[in-house]
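Lettered A, B, C, D and E in written order, each chain numbered from 1.
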Amino acid sequence: MIPDILSPGQYDTVYNSLSLVIAAQLFTAVFLLIALPRILPRYRQAITVAIIVCGIAAYHYFRIFDSFREAFVTEAAGGQGDYAQAAGAGFNEGYRYVDWLLTVPLLLVELIAVLALARSVQRGLLVRLVPAAALMILLGYPGEISGDNGIRGLFGLLSTIPFAYILYVLFVQLTKSLNKQPVGVRRILSQLRWLLLLSWGVYPIAYLLPMLNLEGADAWVFKQVGYSIADILAKAVYALIIFRVARIKSFDDDP
Amino acid sequence: MIPDILSPGQYDTVYNSLSLVIAAQLFTAVFLLIALPRILPRYRQAITVAIIVCGIAAYHYFRIFDSFREAFVTEAAGGQGDYAQAAGAGFNEGYRYVDWLLTVPLLLVELIAVLALARSVQRGLLVRLVPAAALMILLGYPGEISGDNGIRGLFGLLSTIPFAYILYVLFVQLTKSLNKQPVGVRRILSQLRWLLLLSWGVYPIAYLLPMLNLEGADAWVFKQVGYSIADILAKAVYALIIFRVARIKSFDDDP
Amino acid sequence: MIPDILSPGQYDTVYNSLSLVIAAQLFTAVFLLIALPRILPRYRQAITVAIIVCGIAAYHYFRIFDSFREAFVTEAAGGQGDYAQAAGAGFNEGYRYVDWLLTVPLLLVELIAVLALARSVQRGLLVRLVPAAALMILLGYPGEISGDNGIRGLFGLLSTIPFAYILYVLFVQLTKSLNKQPVGVRRILSQLRWLLLLSWGVYPIAYLLPMLNLEGADAWVFKQVGYSIADILAKAVYALIIFRVARIKSFDDDP
Amino acid sequence: MIPDILSPGQYDTVYNSLSLVIAAQLFTAVFLLIALPRILPRYRQAITVAIIVCGIAAYHYFRIFDSFREAFVTEAAGGQGDYAQAAGAGFNEGYRYVDWLLTVPLLLVELIAVLALARSVQRGLLVRLVPAAALMILLGYPGEISGDNGIRGLFGLLSTIPFAYILYVLFVQLTKSLNKQPVGVRRILSQLRWLLLLSWGVYPIAYLLPMLNLEGADAWVFKQVGYSIADILAKAVYALIIFRVARIKSFDDDP
Amino acid sequence: MIPDILSPGQYDTVYNSLSLVIAAQLFTAVFLLIALPRILPRYRQAITVAIIVCGIAAYHYFRIFDSFREAFVTEAAGGQGDYAQAAGAGFNEGYRYVDWLLTVPLLLVELIAVLALARSVQRGLLVRLVPAAALMILLGYPGEISGDNGIRGLFGLLSTIPFAYILYVLFVQLTKSLNKQPVGVRRILSQLRWLLLLSWGVYPIAYLLPMLNLEGADAWVFKQVGYSIADILAKAVYALIIFRVARIKSFDDDP
């Protein structure tokens, strides 16, 4: 699925997108770290997890960026010619799953932590959401690295089961707890779930692309840009909204 | 527009300018980080955003600097010969837009935050300025990467609309709010807007250069140096003035 | 024992596992560092040691990862061919012992420190556990780097003596002290010892592999993945459980 | 003026000197950062500027060191042969001016800040010293990069005017203010000015060398070592003395 | 004295030793930095100096490690062949003196600072110990880099004079002051001096090796390992003991 040739424009587009994600994730983490003391201790766990998530993402994007730069090379002066796959260096498509395995469960921890629910309710949600998230990623991986569309389809299907379960818990079960949240944050939290749905939805759709015969350099560039936007929404923007919730609740509790 | 040949002196001039920007942005960020506790909590949001802006700029300039060094090479002993465009590595002119997309809206957030206006006024300004700034950059990008002067002109024109709108908000609408600022800072804030106008103006002018047939190595070197100075003014010097405003206001509020 | 050839899939599996360990150790350290102020001073020593252990592991995995990448190379476009051992660069199997020499004694210090026992009891445990742990690693090293299975067996046996002694101290002698711990943490601490047994057990088993003639690329890849999982359990997960104990005890002491 | 050949001993001498400066500047900055909380808030501005100065110097010396290593190469085994200028990489003599442009004005800010004079006196000194320092460096630059001794002499002369003015302000005008300093620090501050004179004097002298026909490898090595010592005195040692002044004054104000 | 050939086992031994020192110094510094707030302000100066010493050592060992890796190369697959001296890269034996010049005087400052003696006694010790330590290193350097055994002997002798003087001050003059220390730390401080003697003694002995015709790869590897152990004892272990003294004294002063 990795294209053999990228035009200079395609190369620069991917280059710029990947670098944008590094900057967005890294400096969201730095921002939250500096702003942490302005949050009440009770909500710091959520923000700390958000820092970790954006930090891990930045680390992985540094590697993805370097891997991309090594994987496509040209001989043209000033880089103004077609980029071909390099000898001996490849773009590791499965690498994103390493990131997801760590960050996707933590994104749910982040959300639950900022709600500051009763300890038993919180535990109940976490023991269901975290393993489901890990399972979802682990089941998707064999499909991603397989060249066979049948295997891809099968594991994609299996992975969708925990995905559906996570959405069920978030949109059906969590709804009752939302009513116990201060009025000011209820609307934000509900928007946050929609942001989550929208951004997370990108990943299973991207997973389908090879099965839809949507191959070629353009499709691949489009996919990388799509991943980049989804990752910024699902981690950095998501973290900033969680931060805003924590700020409002800090102010409500201790004006 | 990227020149084929740079003399050693031209090469060193760009090299020194780009490195100067790294040092200025990085250590402005470090300075503000160390000085942050001396600011009242109410104004820390503004300084935190300033740290993030200078940090993002330093990150991008590290990449621009490395990209420049790889893009121009010589075979002469001691580097004392002409530098030509390298095979397989180019100077990515569009890369600055990645930086601007993140930092230009934040520069406006920084300014609004230090004013510490009533919450609703602040929101009103942000929902107008931030999207306008993002739009301005996004509209300029297709013109920048296009080789066609017609497309360049068209998108430059489109991008100027949000630019004009931002200046209108800053110079017409914001003026009323300035009167509510303590006397001591009013003058500084007004100077700050002029610094902003002066430094931001550099970018659309540089954008015009290829359309004025101002090509050649000298023009390009001049442009890189101009960008460097404008970036230091628009981010580092700007941040230090914002810091001074925050210090004065901190002292006024809690002498 | 290092395989001559790795398939692209095997190469990526090891690559992804090693990178996963870097991220897990590094960000566990960062998490604990940010969360440290939420722990009572009395338990901070334990968490500080946990930060150091995960930090040292991250440092060593950076080197192991780079060493792996240099040690196996391919000439195939996009890295889609077999990877062979590189000329002039090897994977340094003995390097893990450098890590263990520092971290294994510290893992025991971490455990003892979080118990916050009487000073004399604590000293008594440390003077037995720390030298035993160092001895265990030092005795294993000559066997590991020797090509001779007899020497391997001999030193493996010698190394097992301090290993058995450590387990004896932890599971027999420490048990009395556990009864003095608050009820809420007793169960966690007992689980922690089992986690320790389970994860530490991986290393002597991996040590036996060459003696069982379990050679070949698959066995080696399996061993690297096994080490990676064991290292995450024995350091990062272990540290997070220690952190939870410290949190509960902090809350018990100063609700 | 850059020599064509360095002996191994000359190479190592420059290598060791440059690395010594990195360590000295970097760890002076780290030391001051850790010690900052032990200074009264009123004197923290001075120490913060000192941290920034040493940090900027460390950053530039990292580049100078790498540039030196790339600029001189040998083919001899173990590096035990003559080092010649590399093809395509040069030692950038003008690069130090980038550092000075930022740090020399800040060194004066550092000194004025630790005096903690009345706000108007302080402003009066800064508006004279800072522009003079920037002018001195900017005027020296064209002379430094010119190959012509006439131009070198002319700009050296022009640059000496602001230099003399700075010394006049420091040694004549500032003297009155020194009398308002606590007795214990008066002597240290006076020594500090002599340290400044001594170390700053090295730079115009080094500037003269090419005009005195003091060329050759030995002269160049001597100059690099001289710069290194002067930079350590003018920034790191200077910062530590400023720190001592701040400590004594902190103790006097709040014993 | 640098060997022409290292076996893979010898190469790995030096590699592992040097990396061990990096980890030990770096993480001792990190540990002390995190633990600093648990020390009374009065003893923080000592711990801050200890952090700086271990930090400087870590920095130098990073360079020594990289220099070693570049200086010895092999062409054998998997690195399983003899390593020879590389063309154009050498192992810089004199580089350790750069480290010592900064750290050896600071090790004495660290010791004196933790004693927290009367200001005048402290000053009296420092003005004798610090210059003596710097002189000892400076006098040893010309001998180290000279290939002539006569010069080596002469400067070794000269360097021994300040060395003997330092030991005299520490073991004769300081003894009176030790009696004013709390009983609990007196024994530790006396052990600390023996650790100092033992570890410092390694350096003059290593200095003698070339004069004893103890050449060859084994002797050199032995020397590198010896230096590594001595450096860990003289800086990291030493710092941890100083830390323990500071902890006990902090507790005695403010229980």
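Some observations on this one:
One rule holds for everything that comes next: contacts are C-beta pairs under 8 Å (C-beta built on N, C-alpha and C of every residue); 3 or more make two chains touch, one makes a residue touch a chain.
Keep in mind the model is a prediction, meaning the values are calculated, not measured.
Counting every residue number used by either copy at the chain A-chain C contact, under half are found in both chains.
Distance between chain A and chain E, defined via averaged C-alpha coordinates, is recorded as 47 Å. If you average the Cα atoms of chain D and of chain E, the two centres end up 29 Å apart. Residues of chain E in contact with two or more other chains: none.
Chain contacts in this assembly form a single closed ring in which each chain touches exactly two others. Read around the ring of contacts, with chain C first and chain E next, the chains fall in the order C, E, D, B, A. By the touch rule above, chain E contacts chain D in their complex via residues 2, 4, 33, 36, 41, 44-45, 48-49, 51-52, 55-56, 59-60, 63, 71, 84-92, 94-95, 97-99, 101-102, 145.
By the touch criterion given at the top, residues 8-9, 12, 15-16, 19-20, 22-24, 26-27, 30-31, 34-35, 38, 73-80 of chain D touch chain E in their complex.
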